[in-house]
Amino acid sequence: MLEISGLKVSYGAVQAVHGIDLTLAPGESLALLGANGAGKTSSVEAIAGLLPTAGGRVVFDGADITGKPASHIVRRGLALVPQWRELFPAFTVEETLLAASSAPRGRPPLPLDHVYDLFPILGQRRLQLAGSLSGGEQQMLAIGRALVTNPKIMLLDEPSAGLAVGIVRSLVGIVQRICQAGVGILLVEQNLEIAEAVATRCVVLSTGRAVWTGRMDDAAGRAAIQEAYFG
Amino acid sequence: MAEFVMVILGGLKFGAVYALAAIGIVVIHKATRTVNFAHGGLVMLGAFATYVLVVDWKWPYWTAYLVVPLLIGALAAGLELSILRPLRRADLFTVVLGTIFLGTALSEAFRLAYNTELLAVPAAISGAPIFIDIGEDAAIVTLEQIWVTGGALAVGLAGLFLFRYSTLGRSMRAMASNIRGAQLCGYSVERVYATAWFTGGALAGLAGVFAAPSRGVSPELAVSIIASAFVAAVIGGFDSLAGALIGGLLLGVVETLSAAYVSSAAKSAISFVLLFLVLLWRPEGLFPEAKRRHV
Amino acid sequence: MSDARRPLAILSPLLAPLALFLWGWAAGDYWRFVLTLVATSTVIGAALTMLVGFARCISLATGAMMGIGAYCSTLLILHAGLPFPVAVVASALAGGVGGLLLAIPAVRFKSHNLAMVTLVFQAVVIILVREMKSVTGGAEGLNVAPPVIFGQTISSDLVYLGMAACFCALALLPISVLLSGPYGRNLRALATNEVAARAFGIRIERYLMAAFTVSSAAIAMAGALAAPRFRIIDPDSFGLHTSIVMLAYPVIGGMTSIWGGILGGGLMRLLPELLRPIADYIELILAAIVILTVMFFRGGLTEIGERLCPRRTAPLAAAPDAPAERATTLPAPRPPSHAHAGDALVATNIVKRYGALAAVDDVTLAIRAGTLHGIMGPNGAGKTTFFNAVTGFIAPDAGRVVLFGQEAKPGRVEDRIALGITRTFQHVAIFPGLTCRDNVIAGLGRNGVRQSFRRSLDRALWSAAARDEHEAASWALAAVGLRSLAETRADQLSLGNQRRLEIARAIVSRPRLILLDEPVSGVSHGEVEQIVTLLRRLNVELGATMLIVEHNIGFLTALCDRISVMASGRIIADGLPAEVVARKEVRQVYFGEIEDAA
Amino acid sequence: MHQFGRLCGAALLAGALGFGAAPAEAQAPGVTKDEITIGALGALTGATSFMGGPGRDGLQLGIEQINAAGGINGRKIKLVYEHAFTPAESVAAAKKLVESDKVFALILSSGSTGAAAAANYVRETGVPTYNLFGATPIIRTPFAKNVFHGAMPDAPTSAQALVDRVYQAKPDAKKIGLLVGTYSFPQSNKAAILPILEARGVKPVIEEFDQDSRDFTSQLISMARQRVDAVIVLGSFSEAGFAYKQAPEKGLANAVWVLDGSAVNDAIVPIIGERDPKNVWGYSNMPAFPAQDHPEAVKFRQAWIAKYGTPPQGRPNSYDMVGYGGAFILAKAIEAAGENLTWDGLIGAWSTMKGAKPSDLGGADVIFPETFSETDHQGNRALGRATIKGGLWQTVGQ
């Protein structure tokens, strides 16, 4: 479904990602692990079209989407919830979701009520400005905005960053529900616990290279993660 | 008193045209982060197109309100595509230089096409002026004055409304607010930028249609409109459409008031004094947008 | 460029007036007349190179400045009977005052707002000239008599050209000295990276005011020089249109050296004369040239020239990605002078909030002098905020910072360098247009405007002070292993080398405390190890204390004497590296709430 | 200044002699056996290109007709036209024409300050110069024996004509409004008109406006408040047109309007929006207007269209006509100077020319006959009385 082979990303002379491979089908969940600066964010942003790729191929739904603009990729059903959320501070919650649902696309959008069902708090705040929401609510809105585009696969970049433990727990539950509903989840995380709760498989990155790929509960993976984090 | 009312109404008529041009500048700046110093050239070409339609081809005046905005909008989108797109990766400074000279080029191209001092365009609407009794005196209002003031304001308000509530407006606002976020919603940068330039150009074209009878068509129109429209936009905070609208009206009224009650020489200075004071007192303009830009 | 040739390079702009004079010598009177105006345009171009090219200020007031000069000298000659050369100098002073008056409000703005403020100035000057009819002759203009020098009326075109060439040379010389010296470098530095410039004591407002003043003085002088050739000066000659045309000078010529302005100004003034047969189209052609330049040849004529005949001295051998040579042992020209016992940095109860979020929440930290201290923590832990509070880039909401026993006041970034504190940046903050050596010299401090003027003169004269700076930079570059790339432009370096360059810039002032913000983010594996070695050695040999914020835990543990771990704005652990990394609460931050991490 | 100019002239003359240039008896510059080169300068781009462009077209048309009729004493005229707008450009262009191209005579077809700067230069060189459009006094003072002025009268003459038009239309006018542009030529005309009004005991209501003003609300309201009987507009047709059009809406309904030279232009009619506006008067420095149904004007217009094709709105304008007529006056002077052409010869012949007109050389008489003397180089002082009829300016007597 989503097949990535030999993905490379560079910033000018600096190569951030040195060729990683992974596959992901709808309903599946995969965690991309690694310490800061390992190239996780660069990888997902390149997949979603926000960063240019320096090599490799991204095939989605049978079509080569390497180097296509982000807007094109979203329309095909591959949505990214970016690390910094990238919301529109002066938009209300409802406007934000409308902006995503009324953008031109090939697939019908999900009704906004879907999002409000999943995140009742957003329903209550629908006329509040996105900039005035709490961090957790902003994260929910970012997920909601991606969800409205009716994705087949959703990329989540560190959804837990800067959030309180309780909120992270409820987010994890919702991501699990989204996954069960048949959406493929690619989760970028530093926090191993969250990754374990969401994903069944994982890819461990270290300085831009995949150093281990396998099941989340594999002990060998643990060692690789330790190594990747603390050197 | 009647005299005062007439001064205010006269100022509003010019102010409404400034406002329309200023809104175009703001739309383009908001959505694409480009400061368009060539906007005056677009307004002038709008007035010129009106001349060609109404005088040369003898089409009825109302057709200009339909055709000219489309034409100038398309031209603006074309300029974005051909000249500004390659400049997108350059810094703001380079883009400002580019648009300054683009404006000069537009004026000069027109001058080469039509080397006369001024092309006159008949009024869109004529008829006996209306007398409104105020105290002992009567204020005199012409239909044209009402039409231009009302029409330009209506278009400006419609622009405001569209930008605020339509899908198209939402896409531009989203792009203005967070370019990555907007892309992740599915909005293409290329398309939204072209749309913004088209919209800004269309507003400039309409400003030209409204301005043509009362100002005539000459390259000087480009310079005087760009100065006034910029002042209006800066007064309004440069990123607020409503601010630009109010800024335009304010400028028009202040200009005529100062000319009427201070000195006619003060007129051209007053807009600059106003601009200067606003910049010093509130650099973010009188009506700053609530914004937190993603960097 | 070899050191011996340096003063000659600074003199090279004087070739322009000389060449114009020689051309005029050979040509007829009409060309002598034109070349006189060309010479004044080269001065205007050079002045605008400073303002537009180096300082990146779009000014639409050039015409007004020229007008100030022209009217000032004409009126001084007419009413005060001053000799022409004195009047020219006086009008340059008047222009300088005018530039300063414009700059005081203008430097607070950027980009289009700055352009608008200069437009206000332009319009007001023209309105004043037009309205003060009794003095200026109003819109009808003012007759300008031919200049009189030593009782001789100058009526010969050749003599006039010669005189103009001399004056232009006099004006070009200081501009050249300033632009090629530390002042010009610092202008470019602040235009490309304000934050880093401020960190090294470059006060942006003052630099821009100086740029406005100097360039306006030169432009006014050019105006005074040209006025007798105009025969009649009127407000239209110095209007907005003139300003816009002149704005094109540095754009077309190139904005990175004085030659850009000289060539652009000269060419733009010559073109209308050369293209007389198609004069109808001249305005369109000039506008088109600018647009094409901006689109396709952003470096202007000088860049095209350099591309056609690359300078022999440009170190192409040191290709952008050439690996740095191994750092040599430090020659250490001065012994480490601040063996300070006790604590280098004590931060007490630092708090910084952004809205509801406490980015730094009551952090207290002491760093012993001479140690390498690391701060680690996940994203959003508040590391960089804390770091900025310590370096003075942001003012904390509460708490105090004591540096070497002295309380540091927030805000005055430029004072920290004098205290012996320097820093590097999370996102490399080198000055891209400058050479490595010039980047490093910026780190020496002494970057006040007046100091930079004097240092520019030192540099032009290649005095002992300038040689010392040169040597200090060589030493710092050698220390980080970039000696061979000293004359390469910084933006052509690999990221790892750019990091080294930042370190060189941070150590060149021999600081007591160096703050390093993510020094290896984005740097490749091999280079990380080199940087560890480098920093350790610098610590030992310079005796400098270092505070390092980093994500790369392996790097920190390998480098540091102590590590503090931050999470959610607080310090949750502090101690020896191996010990800290093993702690449960630290593992939790990274791995989540898992009991058994093994 | 005056003395300085003479000194310089003498020095230059001496210089020319010293360099072995041909003495007065030999052939002057720009003259060969079968060709005479004439230089002209005016603005082809920029704010006053509406004068320079038509000036060039008119001159070219006149010269072609003269050449087609066999030229002057067997010589054809060749025109070199240079663009010049600002004073600096005008001096450069004049120097190029005189020093590089070695023209025999120079025509100034640019606006006031540019022409004035060039005139300042030609006073020193002594080249015979014909000023077509420049009205400002600094072109005429100090008097120079080599500078001649054509159809455009000097400021006192035109100022007198303006005041005359007011009293012709409204003999009992008491309050007179002056609507004056802040730029060059309106200001010089204002300076000329004030003493005339003062002599009549009239204290005018003066209101000013900037070049290219389109909004006259304040000025008109002020005039309406002071109930002026007549408004004299010193400005261009566009300014006058918009002011006139806005007058009723500002409460100034029945005033007499007298417009200055460059406002008397058919392009004002579409601005006013009426084909027969009441009470609009002006003077014309030509016997007929370009579009007027007048035999000479028709002849000229046909020739113009034959050469340049269908004209755009507002062309050919009065600058076309003055340029055209000017070509004949200069040619007439050259003819009178005889076969052996020198600057002194031309200046001498020109200074005694009486009643010269285009038809003497087969052209259309679209300008008034011009007469010069040793001490008076203003060729034309006749000014017609003009008003708008049927959408066109028409001359209706003097």
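Brief remarks on what is shown
By letter and in written order, the chains are A, B, C and D; residue numbering begins at 1 in each of them.
We adopt the following convention: a contact is a pair of C-beta atoms (placed from the backbone, for glycine too) under 8 Å apart; a residue touches a chain by one contact, two chains touch by 3 or more.
Note that the structure is a prediction, hence the values are computed from the model and not measured.
With C-D and A-C as the two chain pairs, more C-beta contacts join C-D.
Ranking every chain by how far its Cα centroid lies from the centroid of chain D, the top place goes to A.
With centres set at the average Cα position, the gap from chain A to chain D is 76 Å.
Here the spacing of chain C and chain D, counted between their Cα centres, is 53 Å. With centres set at the average Cα position, the gap from chain A to chain C is 41 Å. Averaging Cα coordinates per chain places chain A and chain B 42 Å apart. Multi-chain contact residues of chain C, defined as those touching 2 or more other chains: 131, 280-281, 283.
Residue positions 108, 111, 265, 268 of chain B each touch two or more of the other chains. Along chain A, no residue makes contact with two or more other chains.
Interface of chain A with chain C (complex): residues 11-16, 35-37, 134-135, 158, 161-162, 165, 190-194, 196, 207, 225-226, 229-231. Against chain A, in their complex, chain C makes its touches with residues 320-321, 356-357, 378-380, 494-495, 521-525, 551-555, 557-558, 581, 590-594, 597.
Chain contact summary for the complex, chain C toward chain B: residues 56, 58, 105, 108-109, 111-113, 115-117, 119-120, 123-124, 127, 131, 240, 244, 247-248, 251, 280-281, 283-284, 286-288, 290-291, 294-296, 298. Listing the residues of chain C that touch chain D in their complex gives 28-31, 33-34, 37, 130-131, 133, 138-141, 143, 145-146, 153, 155, 226, 229-234, 236-237, 241, 272-273, 276, 279-283. Those residues of chain A lying in contact with chain B across their complex are 48-50, 69-72, 74-75, 79-80, 82, 84-91, 95, 98-100, 102-105, 131, 145-146, 149.
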